[in-house]
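In what follows, a structure is listed as structure tokens, so that the remarks can point back to it.
Letters A, B and C mark the chains as written, and numbering starts fresh at 1 in each.
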Amino acid sequence: MKKIVSIACLFAAAALLAGCPKKATTVEPPSAGSQVPGAGGSTSGSETGSTSTSPLGGDASAQGGGPGGGPNASVGRIIYFDFDKSDIRPEFTGVITGNAQFLAAHPNVKLKLEGNTDERGTREYNIGLGERRAQAVRRALMLQGASENQLTTVSFGAERPAVEGDDEAAWAKNRRVELVYGP
Amino acid sequence: MASFVRENSGPVLCSVLLHGALAAALVYLTLVHTHTPASLQSAPINATIVDSQILRAAQRAQADASARAAAQARAAAEAQAAAKAAAEAQALQQAMAARAQRETEEAQAASAAKAAAQVAKQAQAAQEVEAAKEAQAAATRAQQEAKRQADAKAAAEAKAAAEAKAAAEAKAAAEAKSAAEAKAAAKAADERARVEELRRQMAEEERVAAVESGPLADRYRAALQARIQKAWIKPPSARVGIDCLVEVTQVPGGEVTSAKVTQCNGDAAVRQSIENAVYRASPLPDPPDPALFQRNFAFRFKPDE
Amino acid sequence: MNKVFSVLALMGCLAFAQRSSPAEFVVEVTRGQDNAVPIAIVPFADPGLADVDVAQVVSNDLARSGRFKAMDRKDMVERPHTGANITYDDWRRLGNDYVVVGLMTAQGADRYDISFELYNVLNHQRLLGFQISANRPGLRLASHQIADMIFDKITGIRGAFATRIAYVSVSGTLPNRSYRLIVADADGENPHVVMQSNEPLMSPAWSPDGQSLAYVSFEHRLPTVYVQYLKTGERHVVSARAGVNQAPAWSPDGKKLALTLSTRDGNLDVYVMDLATDGLTRITDDPAIDTEPQWSKDGQSLYFTSDRAGGPQIYKVGLQPGDRPRRLTFQGNYNARPRISPDESQMAFVTQEEGAYRIAVMDLKGRGDVQVLTKGQFDVSPSYAPNGAMIIYASRDRGRGVLALVTPDGRVQERLASNEGEVQEPAWSPF
């Protein structure tokens, strides 16, 4: 019985998702002027999926409840790191496990791992650090059952902080990898 | 030409006369010869009537003979003439040779005379030198003589003085002694004065040098250095290794009238800055000792940082 | 005999003394003042219609260079416009070494003739006299060109006042931030938006001919390298490979771009791309983060950041196959983002010192001496002016991103005034 219900839920969720309109964040058309890019410059249709329109603030992004949207809200979607480190702290192993199991169970679900750093240091090296963190999470997930083709990584370095501020409280919240579900 | 004639009037005259004589002789001889055939004396004819044929023959023979004689005479005359001509030619030749020789001789004589004259001159000069030397020597000798004489005289005088001294011991001795002493003293004084003068000169120069390298000069240098270092706006390119000289001219009072960068291994900014620095430092501080005032001197820019 | 000897001895001493005294009196000067050269730029005679105060722009330029102290015009008792009217002693008394005078005359409705002269107040020498013709919109540029000429004449260094800067401006608050790529005059005036996005923009890099900008845009939520031609705004994608595409750097001949790409497993390495063929050559191949490449002046080597030794340090590698990277920085645990001075005599970079990030320079010609130039907490992104006489960088002031300037010897530091929200990532254009 439980099985039937869960399968039915799955089907329902899938149907729901199929109907969801894709939200595309487009770039505002650049202001007029001779030095501004023409039509080719503005972009359109960047796929982000419903869960990542406001990834900032972390937990609020978890909408969960379905395979495309990832596991339910009890499983965290953000992993935080120590300064200049990319190893996953023990307190986040639950996050890894939870998400890995979900991914293993839903081989068609894709997950994007967005690596971030705090603002200190040079911007381009921070892109590298963010990527390193995302890769660490990716490897950990794969070790726990996720498959390679489900995971992509991207690094924003210090460019998309979650919290503004020039102190450790802010910085600690910015050194993170966000798990973003969606195609 | 005229000067040649003038200079060698003797030989020229001789030459002219000779030529003239020769010419006259030649003319005379030529004329004489042409006018005087060979003296032919016709042979007396013993006229005996003879056969007209014989006569004619004799006449013919005579005529032949005379013709022959005439011919002979003619030949002889010709020969003689020829001989004479030859003789003349020879004489002419001789004369000419003689003339040439004479000319050469004259030339030689002239050059010899010249040389002789030169030699004579040299000799004269040498002689004069000699004479001068002689004279000098003589003079020296004379001087020496005189000196000797003087010395002798002095000696004699001394002797006499000594004798006088001997004669009048105490007074003479005293006088001679005092005289000698005075002389020596004078000489010593002279020498001392000279030495003093030298010493004074050296002392003065030493003083100047001492002032220039002594503590007063150091103070002056330090004052100038402080003023210029305050005025020099160092461009970033004035780094360690820069070594530049600025020749400065100032007037009393310290106003700078000229500042010229001479040697400098710095760029345009450095050169401009050090030239500006000298003008900005004007008027320069007065030296502690007026003797130290330098109308022309140099700043040497060598940053140590 | 004794007297003779003594006299001779004295004469000998005298001669000796004369020989040892110096021929010329020389004063050694071993230091000076690190001040700026005092100069007075007298307001130009103005027909009254020009909307640019030429003398003020010139004055600000020269003062901003750190090498000049421009006299405040309210202290000027006279305002001559030609050399004939300059009373040198007065200007000298006010402490100036140089004075600039000039005048503007209108030529029709929209054109001006600006003539100016530069005089050395100390020796009364006229150093410059020029006339420039400019239309109304070109008056600022003409002013910068005048400042260039004066700067060049007095310092011997080519002026860079008529150049431009590019930078990123961020406005709005999280999560709705707006990013703009801006090109402005070197003094920060005249900003123009070149590109705008809701996603981050990074790493503007001028092409050597000053006509194009390469930059990184996250507009697809993925870092992509673009090259945009400034005159038309036309741009094209240089690299949009999976993973990281970033840190574009133009080769000195403008034909290649060094950049950072990531492999499948996220390993960042430095590559060189041929812009004509899109051909890629891999330069580094190791598990470390290798990024932030910069070209040497001869185009034969790359400087880059790598943390193969633990923390980020700066390395240099030749571009021939088989060349191995050579480490350049050894002081401290964090040295990144090299930028090479135009004559390659010096390298500017970011160093971490007591927890703060500061701009440092390394002497590339001598023993590799390092000097830390700034004292802030977050001083990053240095970029050289094309004459090598100034470095622009990003700093933070009371929590706001600002642009600042520092001379390569650290003597002079200034803030660049800006009305933008937060500004970062400055890049100074070539000449």
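The rule is simple: a residue touches a chain if its C-beta (ideal position, glycine included) is under 8 Å from a C-beta of that chain, and two chains touch if they have at least 3 such contacts.
Predicted, not measured: the structure shown is a model, and the values here were computed from it.
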item: Overall pattern in which the protein chains touch one another (line/ring/star/complete/other); value: line
item: Chain nearest the overall Cα centroid; value: C
item: Relative to subunit A, chain with the most remote C-alpha centre; value: B
item: Chain centre separation (subunit A, subunit C; CA means) in Å; value: 40
item: Separation of subunit A from subunit B, taking each centre as the mean of its C-alpha atoms, in whole Å; value: 115
item: Whole-Å gap separating subunit B and subunit C, where each centre is the average of the chain's CA atoms; value: 78
item: Subunit C residues within the subunit B interface of the complex; value: 3, 6-7, 10-11, 13-14, 17-18, 20-22, 24-38, 67, 97, 120, 122-123, 154-157, 407, 409, 411
item: Subunit A - residues contacting subunit C, complex; value: 25, 27-28, 30-31, 33-38, 40-41, 43, 46, 48, 54, 56-57, 84, 119-125, 127-129, 131-132, 134-135, 138, 152-156, 159-166
item: Subunit A-facing residues of subunit C, complex; value: 173-175, 178, 183, 192-200, 202-203, 218-223, 228, 230-236, 242-244, 246-247, 260, 262, 265-266, 268, 289, 291-292, 305, 307, 311-312, 334, 336-337, 350, 352, 357, 377-378, 380-381, 396, 399, 424-425
item: Interface residues, subunit B side, partner subunit C - complex; value: 191, 194-195, 198-199, 201-202, 205-206, 209, 212-213, 221, 224-225, 228-238, 245, 259, 267-269, 272-277, 279-280, 294, 296-305
